[in-house]
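You will see chain A twice below: alongside chain B first, and alongside chain C after that.
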Partner chain A sequence: MDVVEEHDIQDKPTKKKTKKPKKQPKPPHENGNDSMIEKTEPEHVDAPAEFSFPPTFSVSEIKNKQRRHLMFMKLKQEKRKQKVAMKKKKKKERDALGDKAPPKEVPKTIENQRVYDETTVNPEDEEVAFDEGTDEFSAYFNRLTNPKVLITTSDRPRGRTVRFCNQLATVIPDAHVYYRRGLALKKVIPQCIARGFTYLMVINEDRKVPNGMVLCHLPDGPTAHFKVSSVRLRKEMKRRGKDPTEHSPEVILNNFTTRLGHSMGRLFAALFPHDPQFVGRQVATFHNQRDFIFFRFHRYIFKNEKRVGIQELGPRFTLKLRSLQKGTFDSKFGEYEWVLKRHENDVCRRRFNL
Partner chain B sequence: MADKSQVCSVWVGSETGILKGVSLSKKQAFNFCEMSCLSRDQEVCVLGWGDEHETEVLVGSVNGTVKTFSTEKGIFTETRQCGESTQGRFTGIAVTDSALITCVETGLLRVWKEGSTDTVEINAGTNVCRMRQNPSQRNQVATGGKENGLKVWDLERPETPIFTSKNVRNDWLDMRVPEWVRDMSFIPDSDKIVTCTGHHQVRVYDPASPQRRPVLEAHFGEYPLTALSLPANQDSVVVGNTHGELAILDLRKGLVRGCLKGLAGGVRGLQCHPSLPLVATCGLDRFLRVHSLEDRSLQHKVYLKSRLNCVLLSSKDLELSGSAVTGDVEEVKEEGGEVDEVWDTMEMINDQAKKRATDEEEAVVPGVEKTTKKRKVVK
Partner chain C sequence: MQHDDVIWDVIGNRAFCSFKVKTKVQNFCRNEYNITGLCNRSSCPLANSQYATIREEKGQCFLYMKVIERAAFPARMWEKVKLSKNYEKALEQIDQNLIYWPRFIRHKCKQRFTKITQYLIRIRKLTLKRQRKLVPLSRKVEAREKRKEEKALIAAQLDNAIEKELLERLKQGTYGDIYNFPIHAFDKALEHQDEESETDSEEEEDDEDVGKKEFVAEDEIEESDLSDFEDMDNLKAGSDEHEESSEEDESEEEMEEEPEASGSKGKMPLKGAVFRKKRAYVEIEYEQEMEPVPKSKAT
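Showing the complex of A and B:
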């Protein structure tokens, strides 16, 4: 038997494996390398010591699908068993040590491994405070203007985009939706400024689905171009509440830490009126995580001092900033403050810009 | 303040009106601004050297004032009002023989003489984007702008330009090609001028040749080229555009030699070092970057908090550090003091070996000596 098995081991021991997923007796592992244990466990049956492992055998080389599947299942079960055993052992050790146990290890996530960005804004920085105090949004933040938003789309929008625009208009107070009619944006902008609009929002559509947004702050302000994804309209929301009312919502801006993030935060904040009407109990959230900005709109109610209930109303979408251009919309001749360059950003997975 | 400004090898002007000096060897950036009253109308439009020894920096602001900053003393020594903000922003500043030359966007080129209030005025057309001075013949300046071709003026004959360029021939649709000169530079050791345009073209003009049309035309990218600079030796040119793409173009054939990576915002200021193969860029993404031209790698990157408008490199030998390290912001006085003490002790030891007569000479030129000593210590 041993001789036969040795031969089999040399040329992929498929023959001796039958359909019975029984565990065959394992030979001692002390002579083998630890790294080879996983691979060799399932297939080598009491191989003699010198012969331990067929080199570079892996489960994927078994041609027969059923047998391969069985081998793989065995491999997984083995791994799971080992993992459970390790966990139990660790827990035992921890209980045994009691108070002297070392603190629990925090798992590494991409957010906590984030490379420190030197443009992170320090709240006491005077120069940045001056820069922000006199930039294009200062008119809004000094309460000199009230926001008035014009929402439009690319030419000939289809149903989904139209409904999205209408729902956005209910979420943002003082927003007006206009049909595009093939007009050039550079000609629309002076007319908007003349009529006192402060924002122009253009939702771009591709194949009947909204996929881009150009947000232009009007008197002379920056233009941001976003990629829009995961748009969920009101009908598609589960457990949603009734339609939003006309009250001004509160605005929550999460995690905009860098200088560019600050500019974005101010851009979003200036869309909404200065004073939220708390009677309406509505809140719009722009949450930045890993350079994606998630927009959610909720209604909240305080059940008692410590518990809040929330209902999600309104559309939900995700934005990713593609470029921030200084000045009003001029994609050919405008100067860009920041452009997303994919090749340069993909180098490090832990570096983010917002 | 004086010791900080003496160490700085790169000067940057920002949109908030602050003149920033960066010392790449010490990896520190310093803000030099008059009092804490900043305002947007003091936004720096142009920077230039006030004299040949690079001890004075001329700072031109949006409100029409030109301030002189002394690098040795570390303060602004003089302010002159050279026009009002209604006349447009400064597009160029230069100095010849104690006269100050300024040019604004509306095309008014003025020569302000020391002591007298009257100025020699030249009308360089409308919409001037840039004015540059010929480094070898200091009384020649070039201007160019939107729909305003390249013109070379001699300041002694202010009526007509000595060279006016002609637009290229109509294109294949027989339509006039629009022209928009954004930046220009005089090629040393010859009469030629290189310009970069807002329609992503780089053109070379030769006033010595009988043709007024460009001698060479090259294209790069799809976005307006905003800044241009000539490196020390080769016949190449470095250009930057509004998307933050920097490229080195070869002027013999007009091909792209390579691109410099790293910029995320539009390039506003670009300058090559006079002798070393380095190029400094500043832009709207609030960073100052220094790249090496030989291997196109990033040498230094400094975050400077405000959008930057113009950059000025000094000819002092910049310390080339191996890795690209980010610069720290703001001065740390104690660190500077300790370093000074170390250098003082170094000098003392050497003094005993050398003659006492040479002590004073060493003290006078501390900057150069320090750099060489530093190299010895490090290596």
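Showing the complex of A and C:
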């Protein structure tokens, strides 16, 4: 009984006078109390006297919603205070130690904690170098071919998609936009090859908005299927500059680390001509972050050797790779090198493929 | 006995018919043996003891006939004749089977048969063309992906990454001699010794930059972003509007404070850049109304 009384005394007095000191739902938990007291003693000591929580008390046991809410808020406040106190203490310690202080801890981010992918490419890897020397893009990288891109859409495109295609055509030098008119892709491809195109880009549309892209490298190259999202056309851009000129842009490819990422990077690089014209000061960026590829198109200017200003022109969109298929477009009988399986990545949210 | 008229009177006009679908303008008949699909005295299969229809099953057309002799045997009531796949032959078959039948039914049967063959042809043509495959989206999954994308965008810090990359490339010399900035590493190492060469290179810079376009602000400002420029324009525009309104006030109230007011506002565009460094503050000017000069009445 003593135990129970103790708890009653230490019960939290509520600030509001209207609330009577609570009749605790203690009686049912009497048994638990004894064992719990010792464990939670230190906590007791820390808590300020006014709002000392009886150790075994859990906020969720209060039946009255208002009071429960109040108690929860108080609990949160206390925790926050404790956290601030801890921080201050640490800071003091660090200042006291001065130079000898241990280095600041780096906060954990998803990028830091990324599960190591065994297909990460080591720059000196011979096998990879050999593969890249003999894959479908080797013709481009050996400067045998110049890129020539055919951009088209799915059937009956709406205005937004058409405008997007036109803007893409200005961004990619030597790109031609053609209307689809119900043609079958498999029939289009041999014609493209005959006319010397190196890339076929099909923008798929759903509900008047572009939402997918099929990028097919032509002679016999891989076909990548992407999900397109967050498309911003040029007039929706804030603070954009004038229209892009005809100069070939530079290409920046960021964060393509794995084998798959590497082949993606080559895929994007082969869209643009070999020699960027630095006079134009335009740069197209494909930045991979957590399997999302962000495309941006900027104009840059070097103010001095330490500073550069960039101004965004051109459309922006994000891609997410859905599947990579060897050979040209053949969805039924093609050989898929990689397919996005959602449940694989649902298991661990720190695992990425690109 | 089959009393067609009575039946029609009941189901067509007065009481309920479970096959009837009423719309504002018209009545339809949902009976599967109905030849026209409308609810009429001549089209109702229940109210006509002699009736014929064309029906289609899996691409095959059949002629169904009902005669009054079999009215008592519901299981055998409808006679089913398979029609040939050849359009003309099928029409002849219809004619042969429905010889001596009322003109209306013969005509409607042939019409229906024509329509059916047309839509069968269309089906066959469409299946040869590309078909749209509808992939169902899961709302939860899409929302999750969207959120992940937003987070990834924030984590990417694209502008910084791009700027860093460009500076890297500049350092490594991929741009060659286009930008003649002194290489930072060298300068750092030889800071004390090479002050002269630094000034030289600066002069060179000036010479080389003659033909080039550069974005230059009116005034010296800390150029953290080019984005500042737009805001500056807005600021200027704001101050212009302010000036106009003050002028209007001037004309109305004829205050001596006008020159001061316009003067101070006139300074704003010049100070604009410096202005922005300080915190934004509001300039409040109090304009006092003079008492209206009492007009003396001429007496």
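Details
One rule holds in what follows: the second predicted complex is superposed on the first by the 271 of 354 C-alpha atoms of A that agree within 3 Å, B and C clash if a C-alpha of one lies under 4 Å from a C-alpha of the other, contacts with A are read in each partner's own complex, and residues count from 1 in each chain.
Here is the rule we go by: a residue touches a chain if its C-beta (ideal position, glycine included) is under 8 Å from a C-beta of that chain, and two chains touch if they have at least 3 such contacts.
What you see is a predicted model; the values in this text were computed from it and never measured.
Of the two partner chains placed around the shared chain by superposition, chain C is the only one that A:Phe292 touches, whereas chain B remains out of contact. Looking at the shared chain after the overlay, A:Gly182 reaches chain C, while chain B stays out of its contact range. Legend: residue contacts after superposition of the two complexes on their common chain; A:Glu118 is shown touching chain B, with no touch to chain C. Comparing chain C and chain B on the residues of chain A they touch gives the larger count to C.
When both complexes are overlaid on chain A, the residue A:Met86 reaches neither chain B nor chain C. Legend: residue contacts after superposition of the two complexes on their common chain; A:Met73 is shown touching neither chain B nor chain C. Taken together, the chain A residues at the contact with chain B in this complex read 118-119, 125-128, 130-131, 134, 259, 326, 332-339, 341, 344. Residues 129-130, 132, 141, 145-146, 148-149, 151-153, 155-156, 158-159, 161-163, 165-167, 169-171, 175-176, 178-179, 181-184, 214-215, 223, 225-227, 230 of chain C are the ones touching chain A in the complex. The touching residues of chain B, when paired with chain A in their complex, are 15-16, 18, 31, 36, 38-40, 198, 223-224, 226, 242-244, 261-262, 264-266, 268, 284-286, 303, 305-307, 326. In the complex of the two chains, the chain A residues touching chain C come out as 109-111, 155, 182, 184, 229-230, 239, 250, 252, 254, 278-279, 283, 285, 287, 289-292, 294, 296, 298, 300-311, 318, 320, 342.
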